[in-house]
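In what follows, chain A forms one complex with chain B and a second complex with chain C.
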Partner chain A sequence: MTDKLEKGLEGLESGPERTAGIEPTRGAPAAESHPSVTALLEKFGDAVLHHELQAGDEHVAFIEPGRNVELLRWLKEDGQQRYNLLIDLTAVDYGGGRPLQVVYQLWSIPNKRALRVKAELPLDSLRIDTVVPIWSTANWLEREVYDLFGIEFSGHPDLRRIMMPDNYAEGHPLRKDFPLRGRFSRAEQTRRALSFDLSDYYTQAELAVIGEWEASQAQEHAPGSVEFPEDVKQSRDPRDAGSSAEEPE
Partner chain B sequence: MGIGERRDLPVVGGEKDGSPGFLTTKLDFVVNWARRNSLWPMPFGTACCAIEMMASYASRYDVARFGMERMSFSPRQADLLICAGRVTYKMAPVLRRVWDQMPQPKWSISMGACASTGGVFDVYSMVQGIDTIIPVDVYVPGCPPRPEGLIYGILMLQEKVKGESIQADVHKALRHEDPERTGRPNLPPEVIEQIAGPFGNSTNQNRASGLVSTRALARPRDRRP
Partner chain C sequence: MSKRTVEYEVTRTGLREVEQGSMPPVVSPVLPEGVDPDLKGRRMLLNMGPQHPATHGVLRLVLQLDGETVVRCTPHIGYLHSSFEKLGEYRCWNQVVPLTDRMDYLAPLIYNIAYVAAVEKLMGIQITERCKVVRVMLMELDRIFSHLLWIGTTALDIGAMTVFLYTFQRREEIHNLHEALTGARITTSSTRVGGMMADLPPGFTDELRRFVDEAMPRTLDETETLLSNNNLWIGRNKDIGVISAEAAIDAGLTGPLLRATGIDYDVRKDRPYYDYETYDWDVVVGEHGDNYERYLVRMEEMRQSLRIVRQALDRLPDGPINVDDPRVILPSKTAAMTDMESMIHHFKIVMEGVKAPPGESWFGVESSKGELGMYVVSDGGSKPVRWRVRGPSFVNMSALPQMVEGHLYADVVATNASLDIVLGEIDR
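And then the complex of A and B:
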């Protein structure tokens, strides 16, 4: 192993390095108000940590990560809010040991109103509750965030990698501490990619399902296993019925 | 062309020294004529190069003029693999399997910078040149190459096919079928490391193609010995 590789593998264990004097990820509080953020503040109070404007007119509400399901469910189901479309669920890593942000980009179709909700996760506990029960589109989006950032979504029905292969051992590529060319050498990466195995791409549960399906197919198409109705039986050539049994020598 | 001294060529083959005889060379000519004028390509288009490849097949450029009468979307009926576009490590086993499924004899063209070297995508997810996975006969540079570029590459390949011999070792070296090697890289690890370095593959492209220098090629017919 080269020194570079060892250093990279070390990074896999220790995580990103913290640097001093970094800028905070939050900006100044918003001057304007947003009806949904006002309602959130009234209803949940201290669960809404911060409200700011980004890129001019994008309202961002920072919430407490532990109460994300409660707040987001209310945002979807409350009669005044009705954020029924989860446009995007992603994460941001600003690097330098700053917390990772999980971003929920919401859109209310009835109210024609957008809201961005962020939850900041400290690097030592990258875990947040899933929102799949609220918006089922979050299923693959959360898998993507888990794959590329390593954030775990508790309660997710099927949390596994979606882009990188299941046996990918180099970490989570979109994290700032991830080296651009990956942690393994090119030769090792090529070797791993080419040693194609179904179990790298499917879970054991899926492979079991495939096995069951194949077994059922084999049984279904076995000679003599198909029971035809009477009229079909009569119209069929008698030589076809049980042909394997009556095969002339 | 003057009248030279008549040489007595052996009819079938050299006595024991392996030199080609009259029948072998003529058979080579006929076989190569048939092979090079009926190359059926298997398009492996993964990115923008594939758009240029489609343009090459369409009516304006029309590679059917060169005997590529149809695209073979099944590797079983293909002679030529055109890998057009970037290949990710996740796609690498697919490319390898498609190549392994093609019957002999087979050739491959690496179309564009990304397929040949990884291009600008020197990142964790990208194969740095498909010659780490499959043997490549012709590299077509460009980002993406114009249809003329691809056609030029095809003409180069036809020239290459023309120069091949049934007896030659090129088939054994480049087109050796070894089922046990399935799933292993095409090159040894240290070579992969070498060509995967910054600007690595772009200086090593002559290795697999067998061409000494690409500058010497003005037109395909100039390359005839």
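And then the complex of A and C:
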């Protein structure tokens, strides 16, 4: 490997270049108001931490992560807001030890209005309550965020990895501290990929069904458990008849 | 013989409806003489995929069956995971474009355009009038491109081979148009921040007009003749895969799947971009939200797309296709060789890449499968901090279990086909 190529590969792994002196996680407070954010501020006051405007017309409300379910449920169920469509749920990692953001992109079909709600989670407590009871869309979206960012959603009905294999042990790929090529060597990755067993392919519930089925099959096909008619018995290969049959010469 | 107690009634309408009493069970299981009625109660696990022709890619469904009835369906995805979003964080803004068309290779131009539209919004770039019209034209063309594949392969899954041959003939013509415009048939990568890779080639508009005026309407008529009143097609699709409007919104369905339930949510009408509000077309809605209505909605959507393409062809203005902004668009080769300033711009764009200001933007477009959201976050550098794709197939796929549980196994194939998924985008 030439020095040049090696240097390039190192560059790949060091991640995106950053402009110094810019704190990107919070923008300037919004000059315009958004009816839902105004209502949120009136109703919940200090739970709304910050309100900003992005890209000209996108309103972003930062909320306290501990009260996300309460606020989001209100946004969905209040007669004036009715954000009934959770378009997207994702997370953003800015790197450099800054908190991870959980992003809820909401759309109200009746009011034709969009709102983005963000909750910031410090790296030492990546845990937030699930919103699956409010929008069932969140089920897979939260699984994806858990898989790729390692944020735990308390109360999620089925928090498993979704993109990466169930036995994936290298961490959470979309975090900035995760190297592009993974943490294990290529040989180790291949070895692990080849050593999958049944439990890596099925959920616990599915494994239980497999177990039941196999037990019933074993019982049904146990030696001597099946009564064959006389003519079948004679024509059958004695090896299939069970342990009592003698091996033919 | 003990009497069979039926836990999951085998009906054409499904388990959920039976429990709610909204629809009566149509067929009760009648076992032939001599068949052991105690077959029930033992669930079987059926592994469908990942290499199953009717899963439209590498999707794996694990089905728990009681007889032929699906009791539980668990989709396992990720077999095609390529971590596009992570790769995007290591590429310049323009270099992400080739990743986008590899997600939905059935409507690549929609993904190309949605991505650069998000970046342009973040950078505050107003694209030229000609570029807007061209992009609308190409997005509608690719909506037809994707729907044609959907109708062909769905009919094939259900057993009607002929439709596939008819629709793929038309798809071939769109492939040729793609090739004339971009040089590639599927992986188009034809957009750039601030415009397009190239303007329309000579003869493109004539060929496109011939396609929308002659070839395409004929194929749509032929397809409808083959399917709309076809007894088998209706039998396999009507009242199968039903989802109510409330459940569809709760599950986050968008696109034809949501519109088939009667909700008229269409991003092109509700949050118009690229002057969609100035085109004369209708949002297509259904009523019952079953597989058959999804078929009707998509067929009519193709006709509406043809209307939009025709109007776009009529109004296509002359003028430059790219913005006149040296920050993002490469100067012409001659200028770069003769003019000092152009050479500097050329050098900076090639060596450093286009730079976006700190901030973020969300751009939602109506793709052929539903709402496609591109969310880009920048910290002022030449690469995204985060590039997130809200894929419609991913969210639509998550609603499959509630559509098929309680139905027969064969309906899984029909319902899965009716979702119009593309695994490249689900797994990303």
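Annotations
Just so it is clear, the second predicted complex is superposed on the first by the 186 of 249 C-alpha atoms of A that agree within 3 Å, B and C clash if a C-alpha of one lies under 4 Å from a C-alpha of the other, contacts with A are read in each partner's own complex, and residues count from 1 in each chain.
Heads up, the rule we're going with is that a residue touches a chain if its C-beta (ideal position, glycine included) is under 8 Å from a C-beta of that chain, and two chains touch if they have at least 3 such contacts.
Note that this is a predicted model, so its numbers are computed, not measured.
Using the contact criterion defined above for the overlaid structures, shared-chain residue A:194 touches chain B, although it does not reach chain C.
Residue contacts after overlaying the shared chain place A:209 against chain C, while chain B stays out of touching range.
In the overlay built on the shared chain, the residue A:27 is in contact with chain C alone; chain B does not reach it. Shared-chain residue A:84: touches chain C; no touch with chain B.
When the shared chain is aligned, chain B and chain C each come close enough to touch A:164.
By the document's definition of touching, of the two partners only chain B reaches A:186; chain C does not.
The larger set of touched chain A residues comes from C, when the choice is between chain B and chain C. By the touch criterion stated above, A:141 is placed in contact with chain C alone, chain B being left untouched.
Overlap of the chain B and chain C interfaces on chain A comprises residues 163-165, 173, 178, 180. Chain contact summary for the complex, chain C toward chain A: residues 42-45, 62, 64, 72, 74, 76-78, 81, 83, 85-87, 89-90, 121-122, 124, 249-252, 254, 263, 265, 270-271, 358-362, 364, 371, 373, 375, 377-386, 388, 390, 394-395, 397-398, 427-428. Of all the residues in chain A, the ones that touch chain C in their complex are 12, 15-19, 22, 24, 27, 54-56, 58, 84-88, 90, 92-95, 103, 105, 109, 112, 114, 116, 135-137, 139-141, 144, 148, 161-165, 173-174, 178, 180, 201-203, 205-206, 209-210, 212-213, 216. Residues 163-165, 170, 173, 178-182, 185-196 of chain A are the ones touching chain B in the complex.
Against chain A, the residues of chain B that register as touching in their complex are 89-90, 92-93, 96-97, 122-125, 127-128, 132-133, 183-185, 189-190, 192-193, 196.
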